[in-house]
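Both of the next two complexes hold subunit A, though its partner changes from subunit B to subunit C.
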Partner chain A sequence: MPKSFMPLAVVCGLMFAVSPILIADAPYESTMGLVQKIFYVHLPSAWMFLLGAIVCGIASVRFLFRGDPRQDRLAWAAAELVVLFGVLTLVTGPLWARKAWGVWWQWDVRLTASLMGWMVAVAYLLLRKYGGPGSDKLAAGLALFGMANVPFIYISVNYWRTIHPTTSVVPTLPTSFGVPLWFSAATFLLLFLLLLRMRVRLEEQRARVDALYLSMDA
Partner chain B sequence: MFAHIVWLVLRKDFTIEVRSLEIAYTTIFFSISCVLVFAFALVQEGRAPEGGAAGILWIAIAFAGTLALGRTFERERQAETLRALLLAPAARPAVYVGKLLGIIILLTAAEAVLVPLVALLFQAPLFAHPFWLVLILLTGTIGFAAVGTLFAAMLVRARSRDVLLPVLLYPITVPVIIAGVRATATLLEPEVDTGVLQVWFALLVCFDVVFLTLALWTFEPLMTD
Partner chain C sequence: MTLLRTLLVVVLACAADGALVLAQQPPPQQQDEFVPIDELPPQDQLPAAPLLVTAYSFVVLALFAYVVSVARRLTTVQRELERLEGDLKRGDSA
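The block that comes next holds the complex of A and B.
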């Protein structure tokens, strides 16, 4: 583990302690009121969800064409984070939607595509767990198709008429909303990186143990 | 050269299939029973649920397709012929395209039975716009089969492949199925909105292009040990 891991973990913990205060201090949104505050959790987790899918996809492509096992471990770690942050996104989204739109779920393009992206990540993990030998390459192929979904999720709100807010909302946010949002996003990003590092390390250790077993047999 | 290998792979699969017609008969019979199950479940007092026909048609195609994909490659595995096929001095993408064409032809045969059956049981005017229907079915089938052929080929060597194929295939192909269902549903309306139809059709073509490109690109590294 790099030396900076523990200090960064402490920083991340502190940031998670501070961000609720910032969120509480942010002004109420005029139409939605209190319920809009979930936005500061929903959006960062959705970003991490997409980031995870991109990391998983790129690492998978590199593994597929270069055969570097480190990329494979990175892809696996990222896929688990896609599932984790996907759950956060898919739970906070409907909670907000219930108040803002009056329904828990709407089969619009972005919601459907996000759900499918999340299901691809779950399928990836199922494949890694139950696919047996050779499933690493298979999973890499799956991740590639899963990544093709990401730009689709991102642009979908701009091209289809849906009730989900578009991507133009964030750059036009006033500072009073922007500061807690970006702080929260930074916190989530740090958590993402720390978890990714930890998970990759676990796989590295596992690979090392496997190599030791093999060398004992030889 | 590429086209020749595609033709050889297709002819090989066709020759084997014609001898027993095992996959064709089982797939078509399975898709028929699938539609019948929906008819028993949904048609009440002779009235079909409104707007259900498009969805049922595509679900039956997806289910039958999954079955056919699994069976086609199971045959290659049992006879250990996939290795021989991959050892042949032929471009891997050509082998893939040959396999894909075989699946598409098989699914088209299944659809030729499914469409009249769904039209009959669910009182859907599926034959009102035959040209559009053929286009939508064809593009949808290509998109579904493009991913399916790749995944089924990859899964040949995996454990628990029977259950993993649908688990991997459905989340990826859901966009194709949604577009297919929406386009078919638009066709079934009394006043067909051509604009909406064109959007869904364009989306289907997009998915076909993306999936085919990705599959051709990754088939070679995925099928290499």
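The block that comes next holds the complex of A and C.
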């Protein structure tokens, strides 16, 4: 692990401790009230979900064209984070929607595309675990579909009729709502980077174990 | 016959009067009309706190479980790596 890992992990822990204070101090939204505070974990989770899909897709492209195993390890690590942050998004969203919309789920474009993106990441991991030889390239191809879905998820709310808020909400947020949101987003981003580094390290160590077994057999 | 005519006139007049009264009544309230969520009767309102607590608890527990999972997998692989390197060193020296 790099030397900066532990200090950054401590900073991330402190940021996670401070986040609830900022979120509690943020004013209540006028129409939704208390339940709107789910926004401060739902939106950063969704951003990390999309970021993970982009990282996985780019690393997969580089693996497919250059055959670099480090890119493959990065893609695998990112796919696991897509599943993790996707679960957080797909669980916190309905909990908010139940109160704000009166329903747990709507089969609108953004929600359905997000679920599809999450299922692509799950399929990637299943393929890597049970796919056998050659599954790395197949999974890399699958990751491209996951990445192609990201802009569709993002802009879908602006083009199709939906009850989900549009992309214009965040840029127009008042400071009292914006500060806790951006602080929470920075915390989630740091956590994402630390988890990605940990997960890549796991794959590096596994690759070393495989190399040692091969050298013992030879 | 005159009585019958009179009765018919009275019935028709009453029916016309009834139709006029019905036409003047306001239309019945539509069922799909928008009602702001904070104006719902208390029995129809959902409490927000349990949903908020569930969301935050889930996020914290899921992140914690994932960190523990990666740390455990990393420890297991690290141990296996040290064992293999030890075996290789012993094999070289023997």
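Following the convention adopted for this analysis, the second predicted complex is superposed on the first by the 218 of 218 C-alpha atoms of A that agree within 3 Å, B and C clash if a C-alpha of one lies under 4 Å from a C-alpha of the other, contacts with A are read in each partner's own complex, and residues count from 1 in each chain.
Basically, a residue touches a chain if its C-beta (ideal position, glycine included) is under 8 Å from a C-beta of that chain, and two chains touch if they have at least 3 such contacts.
Everything quoted here is computed from the prediction, not taken from an experiment.
When both complexes are overlaid on chain A, the residue A:45 reaches subunit C alone and has no touch with subunit B. When the shared chain is aligned, subunit C comes close enough to touch A:92, but subunit B does not. Once chain A of one complex is fitted onto chain A of the other, the partner contacts of A:120 are limited to subunit B, with no touch recorded for subunit C. Contact comparison for subunit A: of subunit B and subunit C, C touches the greater number of residues.
Using the contact criterion defined above for the overlaid structures, shared-chain residue A:137 touches subunit B, although it does not reach subunit C. When the shared chain is aligned, subunit B comes close enough to touch A:148, but subunit C does not.
Within the complex, the subunit B residues that touch subunit A are 147, 150-151, 154-155, 157-160, 164, 167-168, 170-172, 174-175, 178, 210-211, 214, 218, 221-222, 225. Contact residues on subunit A toward subunit C in their complex (touch as defined above): 20, 31-35, 37-38, 41-42, 45, 84, 87-88, 91-92, 95-96, 98-100, 102, 191, 195, 198-199, 201-202, 205-206, 208-209, 212-213, 215-216.
Looking at the complex, you find that subunit A touches subunit B at residues 64-65, 112-113, 116, 119-120, 123, 126-127, 130-135, 137-138, 140-142, 144-146, 148, 152. Against subunit A, in their complex, subunit C makes its touches with residues 36-38, 46, 48-49, 51-52, 54-56, 58-59, 62-63, 66-67, 70-71, 73-74, 77-78, 80-81, 84-85, 87-88, 91.
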